[in-house]
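Across the two complexes that follow, chain A remains constant while its partner is chain B and subsequently chain C.
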Partner chain A sequence: MARSDRSGDIILSTRNVTKRYGQVEAVRELTLEIRDGEFFTIVGPSGSGKSTLIRMLGGLEAPTTGSVWLRDEDITHVPANRRPTCMVFQSLALFRHRSVGENIEFAQKMRGVPPGERRRHALEMMRIVRLPDSYYNRRIHQCSGGEQQRVALARALASDPTILFFDEPLSAIDYRLRKILEVEMKDLHRRTGKTFVYITHSLEEAMVMSDRISIMRDGNIVQTGTPRDIYSRPGSRFVAQFMGEVNVFEIREGRIASPEADVSAIGRHGYLVLRPEHLRRLDGQDAADVRFEAIVESEYMLGSRLQYHLRAGDASLVAEIPIPAATGVTPGITARWGFDLADATLTED
Partner chain B sequence: MIEAPRQSAWRRLQDAWLGTVLVLLYLPIVSVLLASLSNTRYMQFPHRVWTTSAYSDALADYTTAGLHLTSFKIALVVTLASVVIATAGALAFARYEWRGRRWYQRLLLLPIFFPQPVLGLALLLALNAAGLTPDWRTSAFTHLVWITPIVTLVISIRLYGYDVQQEEAAYDLGASRMQVFREITLPVLAPGIVSGAMFAFLLSWSNLPLSIYTTGADTTLPEWLFSRTATNYSPLVPAVAVIATALSALAVLLVWLAWSGLRRLLR
Partner chain C sequence: MKIGRRAGPLAAAPAMLLLATGFLVPVLIVFAFSLLPPRTFGWTGELTLSNYSTAFTDGYWRNLAWSCMLAALTTVLCLLLAWPAAKALHRLAGHRATAVTLAIALPIFISESVRLFGMALFLMPGGGILAGTLDAVFGISVGTILNTRIAALLGLVYIHFPFVLFPTLLGFSLLPNDQVEAARDLGASGWQVFREIELPLAAPGALTGALFCFVLSLGAYAEMSILGGQAVTVITRAIEQRFNYAQDWPLGAGLTMLVIALTAIVVFPFLRRVDIDRLIHR
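Let's turn to the complex of A and B:
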């Protein structure tokens, strides 16, 4: 399996798609473009409409209005079983009354492929997802959580879809295994060259695996971009806060009130968004565009760095410092802190 | 180590409890078996003469063969019809969300809570009003009214523990709706269907309260056992009862063997 020649073209898109359940609008006038061969992740909080969206993309739900396109073909009313796509479900939805091999062969069996050829193909898929051949006759309940993930992946790949959808397949897995599978998924994406469309509410999963990310809120997409762009240049307070810890300062007439500072160089109105790692402790004559004194209220260990909760006047702030640089900062002390405007982002809402 | 004597006493108490329950369950069946090995018209124990002559009479008597046949016909029709109706009913009961589902769930259970003699009388009156002459077929219908809800519940239990997304996954993998039912839904339901079928057969085979009202000129095995026990008892009665019990046990055993074989083949 290799990356197609059309890599980078728009392979799947929606045009003003809306989905209503009675009075509830799960997805609103949503327009989206996914490129051929990319690992595209849709992130959003629970109830943001991301699962409804992926079910419409996969043909498991019909949009109330709007259309879904596969390259130049309108597939809005093409049912799931006739689309060149396949979904890996949150529950994995493995057929528990069938063996590992029978699960993987299922799509080919439905197409009338002879048993010998099906078996050969299933074993090939098992090798791709790194399942031993001896698992072919195993029952699903005899497989561990990670092995079941691999069976679900192999089953989806065996149907040879153009696009693979993933509806939060790692959400019920423990942290250690999830980290391993995140790397394996990314590796599988690279090796197969297929388009992966992934849904998650975990920012971390999205950042590790994705080429591009869309952030969903209240049934619509609020920002799309590379993980780095979205993290460092969030388009709104919502995106900034959703993508991790952040300090938000309201700007009025080019000033922020607490800590008091002139930030007119970045803008006169809106919100100034600053990641905790850009808030620095200042020593002696250290320079910074904005400088202020703050009390260290508490300290939290985050592995390779320490997180400090600070109070500067009425404002509660968060700073994160790599452990070797954090010496001398302890709860209860008052210290000088600061940041540069070049590290901050201005958002309108 | 100090706990050992207490554990041992607890274990003995458990064994005694289990033994008591088993004796209470099986003593009546053993009593019928013992009664069938006598030659007197009055039940007394121990017998003065032990004989199997009642079994010879039962096997030679055309009437008792006819009784088995009538009961078997009814049980077979009820089993087949109830399984088909209950499978569809269970899907409506536990699988799909639809308007009126809650009312359907309540109404479906209603016949189970009717006292059977009352249900039998009600159905007899309904049959009369419809101008139908009661016979084994009307009896099969009345059995169905009572047994189908039970089979529906038995099959529904399978659906409650079932991941519905398996059907979506199969559909997403290219299966048609019919293939999804054949390849996913039906195999998942199969153990429930087999259990439901066995329940249906045994409940119909042994039913007396409904049959008394609705068999008309035909007579089922439980009806004959009841009337002969009340008015003209002889060791033939327990002998026929033992044969009926053995036949129903055999039927269950055959279904179980067939199902086990089928499962092994499907694997």
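Let's turn to the complex of A and C:
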């Protein structure tokens, strides 16, 4: 499997897709473009419509209105078994009455490929996902969670899909294994060169693996971009808050009320969004566009960083400082803090 | 923990006692009678296998063959009806499925004889509900299938259908929908999904239902006599005739033991193959 040489072309798109279940609109007027060969992740809170969307992309649900396109072909009404795509389900949906090998061979068996050829192909897929050949005859219940994950991946890859869909496959796995599999998935994507479309509610997963991310809310996409863009330049308070801890200040007539400061250089109305790592403790004559005093209310250990919850007037703020730089900040003290407007983002809503 | 260890056998004791007195003892008595000389009613000091040889030489194998054939046909027809019905009910789920299930289950709470006599009234020629209505409303005169093998088969299917449907439905409940979706997603056609996923996963339930149906149909009597009339003499009717009219209890007992043996031949291999624990979600 080699990387696609068409990287960058639009391979899958939706045009004004809507899905209704009775009175409920799970997805509304959604337009989306996914590029050939990219690792594209759709992130959103529960009930945002992301699973419905991926099921429509995979042909497991039909849109109520709108269309789904594979390159220049309208595949809206093409059933799942006739699409060049494959899904790795949240539950993995492995066939427990079949062995590991039989699971991986399933798609080829459905196509009438002879047993010998199927077996060779299955063993090749097992090597790609780093499963030992000896697992070929194992039953699914004899495999650990991580191994089952690999079987599901190998089974999907064995059908040689143009696009692979993942519906939160790591959500039920413990933290340590999830981190390993995240890296392996990214590596697998690089080695196969296939288009991966991934659904998750975990921001961390999305950031680690994705080339581009779409944030979904209430059945529609509110922002699409690279992980870095979305994190550092969120288009709305919702995106900013969804992508992690954030400080939000309302701007009126070029000023924020608490802590009081003139921020007209960034805008006159809207919301100023600031990541906690950009809120610094100021020493002596340290310069910052916005400076204020705040009481340190509490301190939390985040591994390599410390998180501080601050109070400045009516405002509750959050700051994160790398541990070597955090000396001298303890709950109860009043200290000077500040940030530069260049590190902040202005959003309209 | 002593009480804990004893709890199982203690709880099972009443049922075991009932089985011992209500099933095992009568079977042993019937077995003892089957070894007595023909037309005797008590111990004569002589034991014989002549009743078993008579069962094969006097044409009773025909009655047994008819019973087996009708039971097998009933089982196949019930399975053919129950599989799509169970699949539909499984998909419906929720309140609508409950209503449909109740509609199917309700007749079970009415006496089998009442239902069979109702069906006989329905099929009766001339003044029967079907023929009478067709004649009165449409002026069409039709014959009847009452007192035929077809009527008996119809009755067997009608009575035993729920015994196949509900275990089949239980089998479908063990079939995760995501596995069907995964198979479709991996390129399986409708037939391939049935063969590769539905059949192996839902089959234990359907087979359990089929087993109930076959065993109950093999021992069915009322359907044959009320709807089948004299059209066919099945083994249960032959046994009843030996015990009542012919007053030949040993031969009746011999025929009964053959039916029990046949049932065991069908049931035990099945029980060895089907994972009952899985079926009851343990």
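Rule of thumb we're sticking to: the second predicted complex is superposed on the first by the 349 of 349 C-alpha atoms of A that agree within 3 Å, B and C clash if a C-alpha of one lies under 4 Å from a C-alpha of the other, contacts with A are read in each partner's own complex, and residues count from 1 in each chain.
We take it that a residue touches a chain if its C-beta (ideal position, glycine included) is under 8 Å from a C-beta of that chain, and two chains touch if they have at least 3 such contacts.
Here the structure is a predicted model, which is why all the values come from computation and not from measurement.
S.K.: Overlaying the two complexes on chain A, which is it for chain B and chain C: clash or fit?
M.R.: clash
S.K.: Just chain B (first), just chain C (second), both, or neither: which does A:107 touch?
M.R.: Touch status of A:107: both partners.
S.K.: Answer with first, second, both or neither: which of chain B and chain C does A:95 touch in the superposed model?
M.R.: Both partners.
S.K.: For A:176 in the superposed arrangement: first (chain B), second (chain C), both or neither?
M.R.: neither
S.K.: So, does A:159 touch the first partner chain B, the second partner chain C, both, or neither?
M.R.: both
S.K.: Please indicate which partner A:141 is in contact with in the superposed arrangement: first for chain B, second for chain C, both, or neither.
M.R.: A:141 contacts neither chain B nor chain C.
S.K.: Residues on chain A in contact with chain B in one complex and with chain C in the other?
M.R.: Comparing the two interfaces on chain A, one with chain B and one with chain C, the shared residues are 58-60, 79-82, 85-87, 89, 91, 93-95, 97, 106-107, 110-111, 155, 159.
S.K.: What residues of chain A sit close enough to touch chain C in their complex?
M.R.: 58-60, 79-82, 85-87, 89, 91, 93-95, 97, 106-107, 109-111, 155, 159
S.K.: Name, in rising order, each residue of chain C that touches chain A in their complex.
M.R.: Contacts found on chain C: 176, 178-179, 181-189, 192, 196-197, 200-201.
S.K.: Can you list the chain A residues touching chain B in their complex?
M.R.: 58-60, 79-82, 85-87, 89-91, 93-97, 99, 106-107, 110-111, 155-156, 159
S.K.: Give every residue of chain B touching chain A within the complex, in rising order.
M.R.: Residues of chain B touching chain A: 163, 165-166, 168-176, 179, 183-184, 187-188, 267.
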